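Presented below is the structure to which this report refers.
Labels run A, B, C, D and E following the written order; every chain starts at residue 1.
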Amino acid sequence: MSIGHYLVLSGVLFSIGAAGVFLRKNLITLLLSVEIMLNAVNLAFVAFGRQFGTVDGQIITFFVMTVAAAEAAVGLALVIGLFRHRESLNPEAFTSLKW
Amino acid sequence: MGSDALLFYIFAGAAVLGALLVVTQKNPVYSVLALIASFFGLSGLYVLLEAPFVAVVQIIIYAGAIMVLFLFTVMLLNVPREDAAEWDRAHPLYRPMAVRIGGALAILLALELGWALSRTAGLGGGVADEHPAVSSVAELGRVLFTDYMFAFEVTSILIIVAMVGAVVLAKKREE
Amino acid sequence: MNGLPLLSIAILLPIIGSVLLLLVPNRDGSKDGLVRNLTLAISLVTFGVTLMLWAGFDPSAGAPAFQFVERHAWIPAFGIDYYVGIDGLSLMLLVLTGFLTPLALLTSWESVEKHVKEFSIFMLVLEASMLGVFSALDIFLFYIFWDFVLIPMYFLIGIWGYDQRIYAAVKFILYTMAGSVLMLVAIIGLSWVHQSVTGEYSFDLLKLYELQIPAGTQYWMFLAFTLAFIIKVPLFPFHTWLPDAHVQAPTPGSVILAGVMLKMGGYGLIRFAFPLFPEAALYFAPLLATLSVIAIVYGALVAMVQPDMKKLVAYSSVSHMGFVVLGIAAFNMQGLQGASYQMLAHGVSTGGLFCIVGMLSDRRHTRQISEFGGLKTVMPRLTAVMLILTLSSIGLPGMNGFIGEFLIMLGAFKWDPRFVVVAALGVILSAVYMLWLFQRVFYGKITNSHNADLKDLSFREWAIIGPLAAVSIGMGVVPNLFLKPMEPAIQRLVDRVQAHQPLVVEKPAATSAIVAEVAR
Amino acid sequence: MLALIPLLPFAGFLVNATMGRRLPKAVTGGLASAVMVLSFLLAVMQVWSLAAMPPESRQINQTLFTWITAGDFSLDLALRLDALSAVMILVITGIGSLIHIYSTAYMHEETDEAFGRFFSYLNLFCFFMLMLVLGSNVLVMFVGWEGVGLCSYLLIGFYYEKKSASDAAKKAFVVNRIGDFAFLLATLLLVVTFNSLDFTTIALAAKEMPVEVTFGTISLITLLMFIGATGKSAQIPLYVWLPDAMEGPTPVSALIHAATMVTAGVYMIGRNAVLFEHAPITLQIVAVVGAATALLAGTIGLVQNDIKRVLAYSTVSQLGYMFLAMGMGAFGAGIFHLMTHAFFKACLFLGSGAVIHALHGEQDIRKMGGLKKHIPITYWTFVIAAVAIAGVPGLAGFFSKDEILFETFLHGHQILWGVGVLTSLLTATYMFRLVHLTFHGEERFGAAAAHGHDAHGHAHQPHPSHLHDAPAPMAFALIVLAIGSVLAGYVGVPHALGGHNNLGAWLEPAFQATNCGQPVTTGELAGIALEDCLPGEEAGAEDHAALELSLMAVSSLVAFAGIGLATLLWLKRKDIPAQMATQFSGVHQLLLNKYYVDEVYDAIIVQPIKVVSQEGLWRGFDVKIVDGAVNGAGYFVSGVSIILRLLQNGSVKTYAAAIFAGAVTILAYYFWR
Amino acid sequence: MISSSFDAIIPMLCVALAGLVVLLAEAFRERGEKMPIGGLAIIGLVGAGAASILLWNRNATSFGVVTADNFSLFVNLVLVAVGILTVIFSSQTVDRDKIPAGEYYAIMLFAIVGMMLMGQATDLLVIFLALETMSIAVYVLTGIRREQQQSTEAAFKYFLLGAFASAFFLYGVAFIYGVTGSTNLDRIGSVIAAQSMSGNPMILLGVGLLIVGFAFKVAAVPFHMWSPDVYEGAPAVVTGFMSTGVKAAAVAAFVRVFLSSLEPMIADWAPVLWAIAAATMILGTVVGVAQTSLKRMLAYSSIAHGGYLLAGLVAGNDVGKAAILFYLAAYALTNLGAFGVIALLGTRERANDDLRDYAGLFKSHPALAVLMTFFLLSLGGFPPTAGFIAKWYVFSAAIGSGYYGLAIIGVLSSVVSVFFYLRIVVMMFMTERDARPVPAPITTMAYVGLALSLVGVLYLGVLPSAVIDFAQASISTIF
C-alpha cells in the first residue's frame, strides 16, 4: 500500500473526528471525537515513520497517547464537574458565558 | 490486489466505520464501544505498517485503559441519551447551523487534504519500498530513552499536572 | 545662566511640582488653599523660567538656529534622544504657555471646588507636556509629548467639566488621537527612510530635514502629519470636537485648550509637516488654504448664531485658527510670521475671552447669551475688559489680532489673492458675531433680575484678565517685540521649503502605490 | 512734537477712562477740553512752522518706531504733517475743542460715570482721528480709520441701555467693516504692487506709472479704497449706518458724524490723489456715486421729521458732494468743502443739540416751532449755518460748493453738474424746512413734549416758560462755529471773484505727484490729465472766469429758490406739503422710509445669512453632517461591535466551528491561491 | 544524542522543583495549618530568574531539544515576572476564594514550566508536549473554582477547544515530519532551506495547521472565540496569568518555529498571518467596545494585543523579533496589573467586574483607581507607559518591512480600543458611586505587587533603552 493510502485514510478519520465535534450533543462524544482526531494523526505519524524506516513515528505516537490520556483525565473531570452543576451533558446547556 | 491491500481495506474500513459510528450514535456507551472497535482497526493498520508494539499499545493502553476511563465516566454519570434541553432551542443562531457548518467543513477539510495529497509527488510508492522497517522493541526503547529522553521526562510533568488537576477538579472538597 | 539646562528645568518644574503636590495630604480638601498657592507658585516660577529663556535667547540672524539645546541619548538603539532646543518660534510659544498657565490656574480658584489637588496636578502635567511639545527636536520625543497632552486634558474635561463632559472628553481624546496615530505611522516611516538612506535610525528633526524623500512617500507622509495637525488646529471639517470640548471643559481647561493646545497644530505644521515634506507641502498648500478660508467664513457664520457664549467663542477659534493655517499654507515670510503671531495673539485674546465667559458663568451658572443683557450697568469694569478682548478678537488695528491677520493676509495675498478675498470676509463676520455677542450680553437694560446684583471684577479676576488685556494691546502696539525673535527661525523654514518645487503627482500612480503598500 | 498732538487727547482718554468715574465733572470735562485746546494750539504751531517751509518741501515727519517687520515687509509707526493733514488737524483739533467745550454743558446732567466715559471716548476719538490724518503710511492711517470706527461705535452706543442705540452702534461698526474689507484688500494690493505702504513712496512710484486707460491694478486699488471710503463716509451703498448713528449724543453727531470721521473717506482719496489720478475709471465711479448719494440723501432729507436725521441725511448728501469733487480730480475743492462743511454742519448739529437740550430731549420737528424767541442764540447761529449750507453767496458753503459744481461742469460732466445743482436746491429746501418747522411758526412743543423722548434720562417735564437758551459753553461753541461758517469760505475765494484760492494753492503740493512729463494721448482722458498738470492758478483763472461766474449765479439762484420754496411750503402754505404727501403718498412713503434700503438689506443679506448660518450651516451641516459623520463613525463601530459580539454565542460548538473554518480557510488559501 | 549538559533546563528545573515541593508541603500539611506556600513558589521563580540571568549569552543546549539562548531566556524572565506577580496577587484571592492553595500553586508552577519549555524547545514534539503541559495546567487553573458553574464551564470550553486545536497542531507536526523526516527545528530548517518547498502541498498543510495551533493559543481571530468566555469565567488572577503567560509562551514558540526553521517560507505564511493579525486587531478592539464586563473587555483587548504581537511576527525582521520580546514584557506587566486590580476588587461571591462596579472607584479606592488608570493607559498605548513604546516598536517593525497597511490598521484599532479603556476611566473618576459590595481589605502585599507592575510599566515607558537593548541582544544570538 502506498503512503498516500494511509494519509488519505488519516485525513478521512481526522475529518470524521472533527465533524463529530459538531454532530453530537453530548460532551463525552465530543471528547471521543477529539480522540479520533488524535488517532488519525497517530496513523499519519506511524505511516511516515514506516516510510522513513525509523522509529521516530512510532515513538511520537506514544507521546500522543500519553497526552491523550492526560487530556482524557482532565476532560472527564471537567465533564463530571459540569454535570454536577446542571445535570446535563448537552454542551448547549453551558452557555452562561457569552457575548 | 494483494493480501496487504485486502487487509488494509478491511482494517481501514473498520476504523472508518467505527469512527462514523462514534459520531452518529446517540448513546455515549455505544460511541465508546464503537471507538474501541475503530481502535482495533487502527491497531491492525499499525501491524500492516510493521509497528507491532504500537499496535499492542494501542489496544492495551488506548482501547484498554483510556476508553475504560471514558466508559467508567459514562456509567458514573448515567446519562444514556442526549437530552434536548430547552436551552437547545433557545439558540436560534446555533442549532442547525453548527451541525451543517461542521459537516460541510469536515467534507471540505477531507477534500482539501485529499486534494493536497493528490498533488504531492512521491506518495504513490509503497510505504515499505524505500527503507526496511524498524520494529524491534529494543531499538524502540533505545531511541526512546536516548533521543526522546527529555520528551519522556516532560511527560512526567504532564502526567503530574493531569493527575493533580483531575483530582482538584473532581474530588469532593472539604468545605 | 548658560550652565543651567533652563529648558529642561522649564519642562521638569511642573512635573516636580506635581510630585510635590502628591505629597500634600488633602483627602478632605482641607489643604485646598495650600495646594492652590503652591500650584500657582510653581507655574509662576515656570513662567519666570520661560522669561529667562527669552532673556537669554539670541535673536540675531547669525545666532545658532536652536538655542538652549540639550541632548541626551535616550533609546540609542533607534537614535532616539532626549533632544530639546528652541528657536524663536518655540520660544514664543513657550512663553505663551508659561504665561497662560498661571492665569488659567487662577481662574480655577472659584470654578473648581472638588479634587483641587488632582486638578492642580493635571494642570501642571499638562503644562509640562505642552512645553515639551514646543521644545522637542527629536520627533519621537515630540510625539510622546504630543500624545501625552491628551491625557491631562481628558481628565480636566471629564472630571471638572459641565453636564456633557464625558461625551466631550471622550470625543476630544478619540478624535485627536485618531488623527495623530497616523502621524505616528509616518514618523516611524520617516525613521526607516532615514535608515535606508544613511544606514542608521534617527528621529533627529534636523537630520530628517536633510532627507530627500521620494515623492510618493512624501505625499502620504505629509497627509498623515497634516491630518494630525489640522485636527488639532482644528481646521474645517475636522473641527467638531472643539465646540464640545470647549463648552464642556472647565474654564481653565478652555483657556489652555484655546490658548495653547490649538497652537500645537499650527506649530506642528510649521515645524514638521511643511519643512519635512516641502514638495508635498507645496502641492497640498492650495488645498489647505481652501479649507482654511472655508474655516474662516464657516466658523464665523456658525459662531454668529450660537446661543451659548462658550460655543460662540469656540467657533470663533475655528475661524481665527483658519487664518493661521492660511498663513502657513502661503509659507512665505509674511504668511508664516503672521501665522505664528496670530497663534500668540489668539492664545491671549481667546484665552481672555474664555476667562470672561468663565467669570460670567461662575456668577450665573449659565452660558446662554439670552440669560444675560445689560451687564454693563452692573459690571462696567468687566465690560471694559471684555470690550478690549472683543476688539482684539475682531482684529482692530492696534490690537494683537490685527497684526497677525494682516500679515497672514499679506503673505497669502502675495501667494494667491483669491484666498484672501474670501478670508477677508472673516474681518466683517468677526465684527458681526463678536459685537452682537457684546451687545446682547452687555448692552441693553437688565431684563433678568438675576443679573441685577452681579459683582464686578474681584481683585483675583483683575489679576487674571488685566494682564491678558494689557498684553492684547501691547502686542498690537509693539508687535516687533514678538516678531523679531521669530524672524530668523521663520526665515530658515521659509528658505528650506521655498527651495523646492511643488511635487508633481500623478494621482492614480500614487494611489495605486499606496494600495499596493497597504495590500502587502 | 508732532506725536504730542494725538498723544495729548490720548492722555486725556487714559485719565478719564481710569479715573473719570471718580472725578467731578468739572475736572473730567475740563481736562478733556484742555487737552484738546492744547492739542489745537500745538497743531497751530506745527502748521505755522509748516507754512514757513517752502511749498515743495512742506513736510514734517516723525518716526516713532518700527512697527511691524516680516521678511521684506517693514512698516514704521510714523507720523507726517503736510499741507493736507495740516488742514485736517486744524479742523479736528479746532472743532474738536469747541465740541468738547460744548459737551461740558450739554452732557452735564449725565451721571459722573457716564460723563467721564463720554469724555474719555471723545478724547480717544480725537486721538484716533489725528492718527488717521497724521499717519504716514496706509496702515497707521488704518489704525486711525478703525479706531475712529470703534469710538463711533462706543459713542453711538453711549446710551447702551437703549436697544436702538446699541443696534445702531453695531450697525455702524459692521457696515464700516464691510468697507474695511475692501480697504484691507486695497492695502494688500498696494503692498504687492509697490512693496510699500508709505504714502510718499507710493505716490512717487505711482507717478512713474502710466495712467490706466483700461481697468488695471491701480484702478482696482483705488476702487477698493473707495469702497472703503463709502463705508466710513456713508456713501451708496454703505450710507445706511449714518442716519441711525444719530442715536448717539448730539455733540458726537456733530464731531464724528458730521465734521471729522465721516470725512475720512474724502481725506483718504485726497491722500492718495496720485493713485486716483492714475485711475480715471475709478474717479468716474467716485463722481457718479458721490452725485447719486448727494441726490438720494437730499430727497430723503426732505421728508424726515427728526431734527438730527434731517441733518444726518444732509451730511450724507454733502459728503456726496465732496466725493463728486474728488471724482472730478478736484481734490482741493473736495477738501475745501470738507472744511467748510465741518464748520456749518457742526454748528447745525450743535444747534440742534441746543434745541434738544432746551426741549429736554425732544427731537421731532413736528413738535417744535416758534422756538426763535425762546432760544435766540441757538436760532441765529443755526440760521447762519443753514444759510451757509444752502449756498447763499458770501458764506462758506457757497464758495466750496461752487468750486465743486464749477469743476464738474468744467470737466464736461453736465449731467453730474445738473444733479449737483438739483441737490443744492434740495439742500436749501430741506434746511429751511428744518429752520421753519423748528424755529418759526406756531409753538407745538408744550404738551406734546411731555410724552416725548426721554433720551437723556431727564426727569422733569419741559415747559415753554422754562425753555432756556444754550448755556455759556454751548453758546460759545455755537457762536464760534457760526462765525466759522461765515468766514471759512474766504480761505478759498476763487480767482473768478478776485480771490486767490489760498487753500487750493496751499493744498496743491499735497496732491502734486502727477506725472506731468508724460502727456496722456488717449482721447477724452487727456483732458483730465492735462488739466491737473497745469498749475491751478493758470488753469481756470482766465479762460473760465466767465463760466465760473455764470455757474455761480445759477447756484446762487438755486439757493435762494430753495429757501423760498421752503418758506412757501412750510411757513406760508402748509397745506401744500400735506396735500402732496397724500397725493404722492407712494413717493412720500418711499422717501419717508428711506427707499426701504434698510429693509432690503435686511431681507436679502442679513436674514438669509442668519437663517443659512443657523439652520443650514450650524444645525444642518455642522451638527448633522460633519459631527454626524464623527458620531456616526462611533455609532458604526458600536453597531458593528454589538453585531459581532452576537457571534460569541456561548456555544462551544460555534467556537469550534470558527476554529475549523479558520483552518479550512487557511488551507484553502494555500491550495487555491 | 544525550547532551551531558543540564544547563539549559535549570530554570525549568527550579520551577518544577518548586512545584513538587509545594505539592509535598501540601501533602504533609496539617489540617488548618498555614504555610507560606506562595513564598516557596516565589523562591523557585526567583531561582529560575537567577538561572536565566546566569545562562545569559551562554547558548546552552540540553538533550538536543532544549536551548537556553538569549531569546528564550528573555521569555523566561518575562514568565518569571508573570509568575511572581501572579503569586503575589493570588496570595489574597486564594484565601478569600477558598482555593486549595497547594494544588493551585503547584499547577501554576507546572504551567510556568510548560511555558518556559515552549520558549526553549527546539523540537516540534517537545513544543507540543510543553504546549499540552501548559494547557492542561491552565485548564485546571481556569476551573479551579469548581463550585462556580462559570469557572467550570470556562475550563471545559477551554479544554475542549484546546484539545481540538492541539489535534490540528499535531496534524501539522505530522505533515512537517512527513516531509522533512524530523521534528527537530534545526533539521527541518535545513531541509526546507535546502530545497524550495513552497510548491509542496504537504509542507503547506503542515504550516497551515501549525498556524492554527499557535494562533489558537495566541487567541488570534478566528481562533480566538474561547478567550472571552474563558477569561471571564476564570478567576481574575488566573485570567491575568493566562492572558500574559500563555500568550508569551505561545508567541515565543510561534516566533521560534516560524522565524527559524520556517523562515525560508516567509512568503507563504506571511500573507496568512497578515490577514490574521489584521483581523485580530480589528475584531479584538471593535467587539471590545460593546462589553460591559471588565474581564471580558480586557479579554477582547488581549485578543487585540495578540494581533499587535502577530504584526511584529509578520514583519519578520530583527526589529520585529526584538519588538515582540519587548511587547511581551510590557504587555505582561500591564495586563497583570490590570487583572490584579480586578482580582483585588472581587469578593468570594461576586467577581465585581461589571463596568458599573467601578463607578466612583476613585472615591473609595483612590490608589487602585490611579493604578488601574496607568495600566489602562498603557494598554491603550499612551506615553509615557510601556504600552506606547511597545506599540511603537512593533509598528516600527511592520513599517520597516513595508507593511504600512498593517501598521495603519494597528494604530487605528488602538484608537478604538482607547474608547473602551477610557470607559473604565470614566467610571472610576467621572461617575458617582453606586452601592457595591465592599471587597475585602487589600493587603500590603497586593499593593506591593501592583506597585511593582506600575514601576515596571513606567520604567519600560520612560527608560526603555535598557530593555530594548536587552531584547535586541536576545535575538542576535539565534535565528
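Heads up, the rule we're going with is that a contact is a pair of C-beta atoms (placed from the backbone, for glycine too) under 8 Å apart; a residue touches a chain by one contact, two chains touch by 3 or more.
Predicted model, so just to flag it, every value in this text is computed and none were measured.
**Student:** Quick check on the contact network: minimum steps from subunit B to subunit D?
**Tutor:** Minimal hop count between subunit B and subunit D: 1.
**Student:** Measuring between Cα centroids, what's the chain most distant from subunit A?
**Tutor:** The chain lying farthest from subunit A is D.
**Student:** I'd like the most central chain, judged by C-alpha centroids against the all-protein C-alpha centroid.
**Tutor:** C
**Student:** Considering only C-beta pairs in contact, identify the chain pair with the most of them.
**Tutor:** Top-ranked chain pair by contacting C-beta pairs: A-B.
**Student:** Compare the CA centroid of subunit E with every other chain's and tell me the farthest one.
**Tutor:** The chain farthest from subunit E, judged by C-alpha centres, is D.
**Student:** Indicate the whole-number Å distance between the mean C-alpha point of subunit C and the mean C-alpha point of subunit D.
**Tutor:** Here the centre of subunit D sits 38 Å away from the centre of subunit C.
**Student:** Provide the C-alpha centroid distance between subunit A and subunit B, rounded to the nearest whole angstrom.
**Tutor:** From the centre of subunit A to the centre of subunit B is 5 Å.
**Student:** Please report how many Å separate the Cα centroid of subunit B from that of subunit E, as a whole number.
**Tutor:** 30
**Student:** How many angstrom between the C-alpha centroids of subunit E and subunit D?
**Tutor:** 78
**Student:** Out of subunit A, which residues touch more than one other chain, so two or more?
**Tutor:** Residues 7, 14, 17-18, 21-22, 30-31, 51-52, 54, 56-57, 63, 67, 70-71, 74, 78-79, 81, 92, 94-99 of subunit A touch two or more partner chains.
**Student:** Counting only residues that touch at least two other chains, what does the list for subunit D look like?
**Tutor:** Residue numbers touching two or more other chains: 634, 645-646, 648-654, 656-657, 660-661, 663, 667, 670-671.
**Student:** Please set out, as single numbers or ranges, the residues of subunit C touching at least two other chains.
**Tutor:** 174
**Student:** State which pairs of chains touch, listing all of them.
**Tutor:** Result of the pairwise touch check is A-B, A-D, A-E, B-D, B-E, C-D, C-E, D-E.
**Student:** Please name which positions on subunit D make contact with subunit B in the complex.
**Tutor:** Checking each residue of subunit D against subunit B gives 646, 649, 651, 653-654, 656-657, 660-661, 663-664, 667-668, 670-671.
**Student:** Okay, in this complex, where on subunit A does subunit E touch?
**Tutor:** On the subunit A side, the touching residues are 7, 10, 14, 17-18, 21, 27, 30-31, 34, 37-38, 40-41, 44-45, 48, 51-52, 54, 56-57, 60, 63-64, 67, 70-71, 74-75, 78-79, 81-82, 85-86, 94, 96-99.
**Student:** Quick check on the complex: what are the subunit C residues that touch subunit E?
**Tutor:** 73-78, 140, 143-145, 147-148, 150-151, 154-155, 158-159, 165-166, 169-170, 173-174, 177-178, 181-182, 184-185, 188-189, 191-192, 195, 514, 517-520
**Student:** Within their complex, state which residues of subunit B touch subunit A.
**Tutor:** 4-5, 8, 12, 15-16, 19-20, 22-26, 28, 31-32, 35, 38-39, 42, 45-46, 48-51, 53-54, 57-58, 61-62, 65-66, 69-70, 73-74, 76-77, 79, 82-85, 87-88, 91, 94-95, 98-99, 101-103, 105-107, 109-110, 113-114, 117, 120, 123-128, 130-134, 139-140, 143-144, 147-148, 151, 155, 158-159, 161-163, 165-167, 169-170
**Student:** Which positions of subunit D touch subunit E when the two form their complex?
**Tutor:** By the definition above, subunit D touches subunit E via 634, 637-638, 640-642, 644-645, 647-648, 650, 652, 654-656, 658-663, 666-667, 669-671.
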